[in-house]
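One chain, subunit A, appears in both complexes that follow, with subunit B as partner in the first and subunit C in the second.
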Partner chain A sequence: MTLDKNARLGLLLATPTTLYVLLLIAAPVGMTIAYSFWTQEFVDVTRDFTWANYREVFTDPLYRTLIFRSVRIAAMVTLLTVLLAYPVAYHIALNVKKNKAMWLFLVTIPFWTSYLLRVFSWKLILAQNGVVNSALLWLGVIDTPIDTLLYNSEAVVVTLAHAWAPFAILPIFVSLEKIDRSYLEAAKDLGEGPVRSFLRVTLPLSIPGIIGASMIIFIPTVGDYVTPALVGGSDGAMVANMIQVQFGKANNWPLGAALALSAVVCVTGAACLLVLCLKLIERSLK
Partner chain B sequence: MDQQIAVNIANVSKSFGSFQAVRNVKLQLKEGEFFSLLGPSGCGKSTLLRMIAGFEEPSEGTISIGGLPMAGIDANHRPTNMVFQSYAIFPHLNVEENIIFGLARSGLSRSEKRARAEDMLAKVGLEGLGRRGAHELSGGQRQRVALARALVLEPKVLLLDEPMSALDKKLREQMQMELRALQRSVGITFLMVTHDQNEAMTISDRCGVMFEGRLAQVATPHELYQKPNTKQVADFIGGMNFFDASIKANGGEKLEVELPRFGQLSMDAHGVSDGVGAAVTIGLRPERVHVGSNRPEGADVAVPARVIDRAFYGETIHYYLELEGRADPLVASVTNFERADHFEIGDSVWSGFRGGAAVALPPK
Partner chain C sequence: MKIKSLSAGLALGTLAAFGASAGQITVFDWSGYDDPGFFNAYVEKHGSAPDFSFFADDHEGFNKLRSGFKADLAHPCSGLIGKMRAADLIKPIDTARLDAWGELLPTLAQLPEVSSDGQVWMVPFDWGNTGLVYRTDLVEGDIDLKMLADPALAGKVSLPDVVEDAYGFAALAVGVNDWSEMTDEKFQEASDFLRAVHKNVRFYWSDQGQLDAAIKSGEIHAAWAWNATELALIFDNVPVKLVRDLEVGVASWACGYVHLKDGEGSDEDVYDFLNALSDAESGKYLIEAWGYAHANAGSYRIADQEAVRAYGYSDPEGFMAESLFGFRVPNEMAAKMLKEFERIKAGF
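Up next, the complex of A and B:
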C-alpha cells in the first residue's frame, strides 16, 4: 500500500493521540465492561459470565436512588450554573467594550486554587461555626447557628455550581460574542424593545453555547465524588461515592463496574434529554 | 403642488468625543422620493442615517419624520425601517419568519401575517421561498428578504445602508433597477447611503453629497454631474479635468476667463461672484473634450496635444493628452462610434472644447 505525502503526515500526526486514546480510554473501558460481567466469589473474581451484577444494580433500591439522585443533583447544578453564568457572559460579551481579555482572565481566577481547596472553603463557609452562620448571628437574624447548611444535597449543588462557573461562562460568552450586533439593531429597528429582542434574537442565538455549557457541567458532575464526599454527608452521597466504595472497601469490582456502566448509560440518556429540552425551548422562542 | 416633507433634518450635528461626524446638516426629504446620501467612507453619511433610524441621538439639531419630532424616541418606536449593510437576516428563522418578525405586535392573526409575507415575497420576486432557511439564501436573495422585512411594516421612510456593497457587479446593476422599480411601486420614501456615485446617480431622484460631516450639495443626479458646486464635489462625481484660470470679466450671468495656453473663454458664472483678476477653478468633463487630427470644429478654444496613454472601456476610449505647460494630462473620453477616429500613443492631435461645456467652480 502506498500513501501520498499528506496521508502519511496525517497518520504521523494522528498516531500519538490514537495510541493514547487506545491505552488510556479504550482499554480501561473494555476492562470495566469485562469486569461487569464477571463473578465475585468472596474476595476473588472469577471469569464466569453473569448478569447478576446488573440485576443487583437495577433491583436494589439503594443503587437506583443513588443514580437518580446523582442525575438530579447534576441537573440542578447545571441549571443553577447556567443561570448564574449567563448574565456574566452576557455582560462581558455585549456590555464590556474594552479589556474583554482582562474580564475573561478574572473569570479564570478561581482555577488558581485547587479544586479540593475550593471545596474545603465551602465547608468553612457553610459549617455550623462558618462564615454564613457567624454573619447571620452577628446581624441578629438568627439566635442559634443553623446546622443544616452543610452535609446535604443542596450544599453539593452550591459547591459544584461555584466550581463549574467558568466552564459555563466561557462557552456562553463565545456564542454571545459571535452574534452579529446588526441582528440586535435589526430587532430594535423592527419594533422590539430590549426584553423581547433578547427573547427573540439573543437567547435563541446563544442556545448552542447553553447546550455546550450544560454538557460540560452535567456530564462530569454526575460522576463527581470529591464534593459529595466532603460536603454531601449521607444525604448528599452520589453514585460515584458508591462506585468508589465497591472498588475500595467493599472490594466488589464486578458490582462497581456494573454500577459505573449503568451510570454512564443513564448520564447519556439524561444528557440527550437535556439537549432535546433546550432544542424545544429554542423552537418555542421563534 | 408642493410635495409633503417626509423627513426634516434641521441643523443636525453629531460628535463622538472630540470627533465631529456630522456638522450642521440641513436636509428635507420629500414624500415618495428616492434620495441618496453619497460620500467617501467616514464622511458621516452612515451616522446621519443612524440618527434618522434612532440608533444615535443628534448632539445638536432636530430630526422630524412626518412632521413629528423624533428626539427621545427609540428606534423601535420610529416610523422608519432599515436595510442593513449586512442585511442582518436572522439566522435562526426562515424567510417567512424573518419577514413577519416586525409584525409580532401588530395584532394580526397568524394567517393574516402569512398573507402579508406572501404579498411582500411576490413584490420582491421571491415567490414560494418562504420556507427557505436564512443560510440557504444567495446574496441577492438576502437583500430581497431584508427589503421585504422592512417594507412589510409600511414605514414612512425606508433607510438603506450601503445595500449593494455585498453584491457582485452584475447583480448590483440588476438590483439597482429592481430597487428603483420597487420604490416606485410602493411609493415609500427611500433614503440610501452609498459611496458608489454611479449607484446613487442611476437610482436616485435626488442626491446629497457629504464630505467631512458637511452636506456639500443637494441636487438631482443630472445637476450634480453638470453643475457641481465645489471642486470636491466635481472631483467625487465622475471624472473631471481642472484648470486654474483667472477672471477677465464677470457680468454676473456670464464669466470671461483666461485659461493658460487655451486663451480667453466665455462661460456661465454659476455663482462665482469674484471680480476681475481673481483666480477661479474651471472644471471640464472628459467627454466634453474634443479630440481630432485637425483643429476640432465648433470648439471655442483648442490647442495641439500629444497622446501619452490610452484606456479602452468598450463603449468609450479614454485618451490621456499631454499639453505643453500643463502638469496633469488632460483626460478625454471619446465614444467608440462606428466611424470614430482612433489614435495611438504618441500621436499628435488637437484638443479643444466649448465654453458652455466647462463649469466655473467657486473656491469652496
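Up next, the complex of A and C:
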C-alpha cells in the first residue's frame, strides 16, 4: 500500500496523539474494565470472571443514592453556572466594543488561584465563624451563627458553580460572538421587540454554546472528589468519594472499578438526556 | 592559599553530598516525621537525613507500597501490620541490632502486632491516646461516651473518618474493653450506636487541623480525637479536656517503623536509623517538642518532668494496660466494619 503525501503527513500528525491516547486512556480504561469483573480477597485479587461487583452496585441502595445525588448536584451546578454565565458572555459578545480581549482575560482571573485553594476559601467563607456569618452577625440580621451553610450538598453546589464559571462563559461567548448581526437587525426591521428577538434569534443560535458549556461542566462535576470531601460533610458526599474509599481504605479495587464504570454509564445517560432537552428547547424556540 | 582551601572545601562538600545521596535510605512516613530532632544520632553519623516520602493515611501508604513504591522503612500504626505481612511487604526486625530494644515499654514491645510467630515486625516509636475531647466550658453534666448521641449535642460532634478509631469509640461505648469481646451482637450494637451518633455529627474529621479549629471556634463541642488535639488546644488556651478515665473509656494507639522487603538501601543504614529513633534522646524530643509519647521507657526519665506530668505520661505502662489497644479484630470483621462505617457515614 502506498500513501500519497497528504496521507503520510496526516498519519505523521495523528500518530503521537493516537499513541498517547492508547497508552494513557485506553489502557487504564481497559484495566478498570478487567478489574471490575474480578474479586478482592483481603490483599489479593482473584481473577475469575464475576458479575458480583455490578450486582452489588446496582442492588445496594447506598451506591444508587450516591450516584443519583452526584447527578443531581452536577445538574444543579450546571444550571446555576449557565444561568450566571450567560449574561456575562452576552455582555462581552454583544455590548462590549472595545478591549474585548481584556474582558475575556478578566474572566480567567479565578484560574490564577489553584482549584484547591478556591475550595478552601469557600470553606472559610461558609464556616460557622466565616465571612458570611460574621457579616450577618455584625449587621444584626442574626443572633447566632447559621451552621447550615457548610457541610451539605448546597455548599458543594455553590463551590463548584464558582470554580467552573469561566468554563461556561467562554463557550457561550464564542457561540454568541458567531451570530450574524444582520439577523438581529432583520428581527428589529420586522418589528420584533428586544425580548422577542432575544428569545427567537439570539437564544436559539447560542444553544450550541449552552450545550457545550453544560457538557464541560456537568461531566467533570459529577465525578468531582475534592469539593465534596472538603465542604460536603456526610450528606454532600458524592460517588467519587466512595470510589476513592474503595481504592484506598477499603482496598477493594474491583468494587471501586465497577462503581467507577457504572458511574460513567450513568453520566453518559444523564448527559445525553441533557443534550436532548436542550435540543428540544432549541426546536421549540425556532 | 585561601582560595585553594576554599575550592578544596567545596570539592569535599560536593563529594560528601554526592556520597550521601548515593547510598541513601528512603523512609515512607507521615508528614512532619522528617523532623531531624527524632534522629539526631543518624544525622551526626551520616551527615544528612535519609530521603523522606510521605503518605496521608495508613491505607493510602499501603496501596502505594503495593503498587510498587520502593522504600526501606515505613511508619504504619499497629493495625496495619497484619495486612502488610499478608501482602508480604515487610521483613522481621533483628532486635539484636537495636541498642534500645530492652528499654522499650514492655506493653508496646509485646503487642501481638509487634511480636508474633517468634518474630518482631515493627519497632514501636510513638503512641498516644484516642479519647473523648470536650470543651469544658460548653458541655455540662455527666461526661460519658453515650452523650455524643444525645440530641443536646446535635451538630456539635465530630468523629474520626477512620474506621478503626470510630469502631474503637463505639466498642467502648457499648462496653467492649477488649477486641476479643467483639462478637457479632456487640458489632451490631456498636453500629447502631454509631448510627445514633451520626445524627449529631457535623463532619467526620480527617485532618487534625480542621478538628482543632472547629473545637476552638465552638463549632464542635465534643469529639473522639487524638491526644494531640487536646495538646494543640491547650497551647491555644482553649478550655478542653481529653477524658483519660478508664471507666468512661479511652483507647490507645501505637505506631512504629517496619523494614520493607523492597528497599534498596543498606541494612546498616536502616538499623542506624532505627537506633536513632528508639533512643531515649529521640523520645525526650518527641515528648517535649511534640507532646507525643515515645516507646522508650528511659525517655520519660530524661524529659522535662513537668511536661511528662502535664501530658499524662507519668505512668505509661499502667495507663496502657487497661485502655482499648489498637484494632484487633479478624480480617473478616474488619472488612464488615469498614463497609458498615461507609454506610453509616452516608446516612444508611
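The working rule: the second predicted complex is superposed on the first by the 286 of 286 C-alpha atoms of A that agree within 3 Å, B and C clash if a C-alpha of one lies under 4 Å from a C-alpha of the other, contacts with A are read in each partner's own complex, and residues count from 1 in each chain.
The working rule: a contact is a pair of C-beta atoms (placed from the backbone, for glycine too) under 8 Å apart; a residue touches a chain by one contact, two chains touch by 3 or more.
Since this is a predicted model, take the numbers as computed values, not measurements.
Applying the stated clash criterion after superposition on subunit A shows that subunit B and subunit C can sit side by side. When the shared chain is aligned, subunit C comes close enough to touch A:Leu62, but subunit B does not.
Once the two complexes are overlaid on the shared chain, A:Arg200 sits against subunit B while remaining clear of subunit C.
By the document's definition of touching, of the two partners only subunit C reaches A:Val245; subunit B does not. When the two structures are aligned on the shared chain, A:Phe49 is found in touch with neither subunit B nor subunit C. Within the superposed three-chain model, A:Asn129 lies in touch with subunit C and out of touch with subunit B [touch as defined at top]. After superposing both complexes on chain A, the closest C-alpha pair between subunit B and subunit C lies 47 Å apart. Applying the stated touch rule to the two superposed structures, the subunit B and subunit C interfaces on subunit A have no residue in common.
Subunit B meets subunit A in the complex at residues 53, 55, 74-77, 80-82, 84-86, 88, 90-93, 97, 101-102, 104-105, 149-150, 153. By the touch criterion stated above, subunit A contacts subunit B in their complex at residues 180, 182-183, 185-193, 196, 200-201, 204-205, 282, 286.
Against subunit C, in their complex, subunit A makes its touches with residues 42-43, 61-62, 65-66, 127-129, 147, 151, 233-235, 237, 242, 245, 247-251. Residues 57, 59-60, 62-63, 66, 83, 86-87, 155, 163, 198, 201-204, 214, 217-219, 331, 335, 338-339, 342-343, 345-348 of subunit C are the ones that touch subunit A when the two sit in their complex.
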